[in-house]
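Chain IDs A, B, C and D follow the sequence of writing; residue 1 opens each chain.
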Amino acid sequence: MLLSAIQKANEGHVVAYGDDVYTRDAVNAIKKHFSEEAEVFFVLTGTGANVLGLASLTESYHAVICADTAHINADECGAPEKFCNCKLLALPSADGKLTPDAVSQHLHGFGFEHHVQPKVISISQPTEMGTVYSPGEIRALSDLAKQYKMFLHMDGARLANAAVSLNLDFKSFTAHAGVDVLSFGGTKNGMLFGESVIFFRPELAENFRYMRKQGMQLASKMRYISAQFITYLNSDIWRENANHANAMAKLLLEKITGLPDIHVTQKVEANAIFVIVPQKIIKPLQDKYFFYVWDEARCEVRWMTSFDTSTADIEGFTDCLRLLLS
Amino acid sequence: MLLSAIQKANEGHVVAYGDDVYTRDAVNAIKKHFSEEAEVFFVLTGTGANVLGLASLTESYHAVICADTAHINADECGAPEKFCNCKLLALPSADGKLTPDAVSQHLHGFGFEHHVQPKVISISQPTEMGTVYSPGEIRALSDLAKQYKMFLHMDGARLANAAVSLNLDFKSFTAHAGVDVLSFGGTKNGMLFGESVIFFRPELAENFRYMRKQGMQLASKMRYISAQFITYLNSDIWRENANHANAMAKLLLEKITGLPDIHVTQKVEANAIFVIVPQKIIKPLQDKYFFYVWDEARCEVRWMTSFDTSTADIEGFTDCLRLLLS
Amino acid sequence: MLLSAIQKANEGHVVAYGDDVYTRDAVNAIKKHFSEEAEVFFVLTGTGANVLGLASLTESYHAVICADTAHINADECGAPEKFCNCKLLALPSADGKLTPDAVSQHLHGFGFEHHVQPKVISISQPTEMGTVYSPGEIRALSDLAKQYKMFLHMDGARLANAAVSLNLDFKSFTAHAGVDVLSFGGTKNGMLFGESVIFFRPELAENFRYMRKQGMQLASKMRYISAQFITYLNSDIWRENANHANAMAKLLLEKITGLPDIHVTQKVEANAIFVIVPQKIIKPLQDKYFFYVWDEARCEVRWMTSFDTSTADIEGFTDCLRLLLS
Amino acid sequence: MLLSAIQKANEGHVVAYGDDVYTRDAVNAIKKHFSEEAEVFFVLTGTGANVLGLASLTESYHAVICADTAHINADECGAPEKFCNCKLLALPSADGKLTPDAVSQHLHGFGFEHHVQPKVISISQPTEMGTVYSPGEIRALSDLAKQYKMFLHMDGARLANAAVSLNLDFKSFTAHAGVDVLSFGGTKNGMLFGESVIFFRPELAENFRYMRKQGMQLASKMRYISAQFITYLNSDIWRENANHANAMAKLLLEKITGLPDIHVTQKVEANAIFVIVPQKIIKPLQDKYFFYVWDEARCEVRWMTSFDTSTADIEGFTDCLRLLLS
């Protein structure tokens, strides 16, 4: 269906760089789901969405507070430091979440020129550990940020998985929970490519179009991203895909529960399962299935399910796993 | 056809970030056309291809010599300065080309710490002015670069238009003419999205994958770019599309030749026509057709043709033009 | 006398990083000469003063318009691009000055995301060519800047030489002529080291202390800079030194007038003389006297006089020159 | 004496920017103390020395591993991220030291493009916690670095205090212990201003002069730094000053030992003492003496002694302290 959206957008001439009817409709679709006041920009990669969103909130002498497992800290090859030129203060966090208590310990040195100035709290929803923030937890971090004239940024590369996990609409835990800038991704939930940056305070977006161009993230044929977002959001694709991915994670969890020497280390609230497994099975399992070793020392691995994981995939995987464990 | 390529790549699971069979085949297709020794990387935008290519050749205290009309200088919102942190030395050039003579005047201050150190000559093929370098002209610039331990970079966002204009294969005026790093684009000649960076000296590519990721240009579902490049290069699409675009430019040139108050300012060697027109017709013409005013003071405008410009488009355009001129 | 100032500051303990009585007094001395509303910061090098001043006015997608001979463009090894990450638009200028007409030709593309956004006009007073702007010329550039919501920056590394040339106090051609941010130097007119950045609109200085620290320009023992500025400005040293340097330039001009094959190329309004000389005399003259060749192709050289140039120096130099010419 | 050195350098003309006899002699003095193979550069601030030294070792996709208390991480307002554009991996460390074990846990992800690539281990000697690395501890970190094709950088802003603490010459724990690049400071041990960057592998210094200029750290009247370094190193000033500072710390330690509610938290090996004190005495003590609160939550403060701390200062301080504690 997303491919047909592209196919349809392929017909006829439209102006480049986003000044087209597809992009206008896609922006409206996002506004409907998130906030009528939002300013919306499409970009090409998840890293691009995060880094440019942070760039709109920071000067080089600022600091961004995040979990040490955050994608911006651990998986973007230093792109935030390169583009924003500022420091990430990465806090240890067992479940991937930040809390007001943990953040508060780093809220000092304001006005002291030798210290970077904390300016942004950045959270991932769901977290990299597969856990999901409640709206109340997000609001508490937003309140803390406001108290210090800071901003709350959310990496929502997998936001749909959080929405179906919470059984809430997008608004409830973004615009209404005090998020200032959101990376809202499509690629990890079924789109071919395409991400977005959503500003809930329009004044923050004032110069974003220059940052996007300078950040090499302005798609000339933007309509191919926009057309996908229209279909993704105006139909129920976003929900069905995420629901399915989360359900497959639950199924996998169910299947592995009770297996010997398998220890689940995180709550399974979205589409990721973290488990400690016997070291000897990791390589043979990786030969058949692609997954990351999260913590080599602990033999902790991460298994992700997705919109296109089938029940048969889960069964094949657990059969293989059971064999290796026996 | 490019869309069907995407459609086909959409079936089945593949590993993300380029470690897939489509990407391997696309790389091979590019090697066949350009050089078996080349190192090839796919990226998402033309600006990304140019900036990351230059980043692989420069340190921040270097300078990149280019024409003042070059896309990297005039149309990328300062992305090279932002990402490479170095200076562009933009030389005036009537036809968009650099010459050894013009470049040589800026080849001084080597070893003098107060001056940026010239390191790259960057040319566009075709140029922004629609002119095309001959292999000999490129070779002369490459020889000059080598003499000063500098590099030759080529922005080939519209490279296919140059190839059909010269009636040469890609090799003849890139690898064989002494180009070191090439941006080879697909989007402007029919692809939905997707560009590439080609290194003709593999040692220059050693750390490029970190730069690409940090530069926010690593596509997670890279197969959708790769699949297009395979079809684009293994069929004759690249040639047909470019041939058509150039032919439409010739047709347009023919149609406007002899019209009153229309002065063509550049040789028409690819798919761009530059003309000085009466000021009063610019706005009404823009109401019907999209084009850029190149030089407001001179009333010089740029008309581009493309792979999907039809003869009817040209006729409609020239009819409209004739009417406005009368 | 400046050394005794340092010596005196060397006695007793004071707090580091500028929170000391010397620095307070030096700031007040500058305010007295320039503007009571000014915000004043001391830094360590002229490049530091220029680059940090520009950084306080720019985002990376902005452009700074300057003469191509400007120190920021030609003599700082790309420091503005490295630290501000933005583009310099360097305009050709025969006498080193910018004019509203020349600048205006680059004031377009506002709001167009593919173009850098012009934000600062930066001038040098005196210019690198030894010419001096009148207050009216500066005001005209400031008015133009204001019209486009841009800023006027002045590189005043040799500002005292301009003041004595114009026979005006500092205020008349800085604060009162619409300058927004000024680099005010001491090193080139007799101080051992020490420069300053002066903001005439205090709101622009709000975050400057973080930029200065992050820019590696915060002196821990700032009192040694401050003490020099106090003596420099509260006595007449600044004026006497500059007067002397300018007078020596006039004397040199007088002595060389009428010499064969010597062509003065610029008005001599401060302490620099630009002359075209026979090529064969350049090397032998450089063996005895240090000076830069400004334009190798034209055999144009720059001769600077300074606070410690003596009449005997001038005579020795012209004797040598006469000999070489004969 | 350092002031007289400046005074002497003030006489006569010399060429600017370091091409003078004072600078040649100062470089030789440093070579004599450190290594005849060293390449030596003078800069203006400690932050400048650290950041430029790191810049010569890193690309933006690299990571620098340091203690979380390191000056580069905690006290330079993000200057390394701004100038090197790379990530600091800041490890918790109770005594301010890194160990091979602690570092090793971060030596993974090599070749994986999503991760920053570890490239430098940076240590402070003495550490920010007033502890001193033995030559063996330094060598072990250097060996680890070599094993991974990484570099060992040392922040020696207070290096003289480490030398007298270890009772070793500078060579023994720098060049001979496997340090690659060293910041060697003068300001904190009595110089008016002036720091240096010392490369023990000359090939690493190849382009450093451009980085220094672009980094705004090239002093035009360099002789005033050089003259101080000559006197500082060719006499015994460096040793006497550091000896005195360390002795004053020992004296202070002695005086406070046994005082109620005073808990010394770190070994006193150089010129810093870390103590936990009752919260109520901090403010009144700060009213009379300048010092930093290191950890507000724990009421831990840092007391520094220096080359100009007198026995009377120590006695006055401890009297005041005793009074406040009673």
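Keep in mind that, in the parts below, a contact is a pair of C-beta atoms (placed from the backbone, for glycine too) under 8 Å apart; a residue touches a chain by one contact, two chains touch by 3 or more.
Not measured: the values here are computed from a predicted model.
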Chain of greatest Cα-centre distance to chain D: B
Pair joined by the larger number of C-beta contacts - B-D, A-D: A-D
Centroid distance [mean C-alpha coordinates] between chain D and chain A, Å: 40
Euclidean distance of C-alpha centroids - chain B vs chain D, Å: 49
Junction residues of chain D, two or more chains touched: 60-61, 76-78, 82, 85, 113-114, 210, 213-214, 218
Chain C-facing residues of chain D, complex: 3, 6-7, 10, 13, 15, 44-48, 51-52, 76-79, 82-83, 187-188, 192-193, 210, 213-221, 224, 290, 308
Contact set on chain D toward chain A in their complex: 60-63, 74-78, 81-82, 85-88, 105, 108, 113-116, 296-297
Complex contact set, residues of chain C against chain A: 17, 59-61, 85, 113-114, 117, 207, 209-214, 218
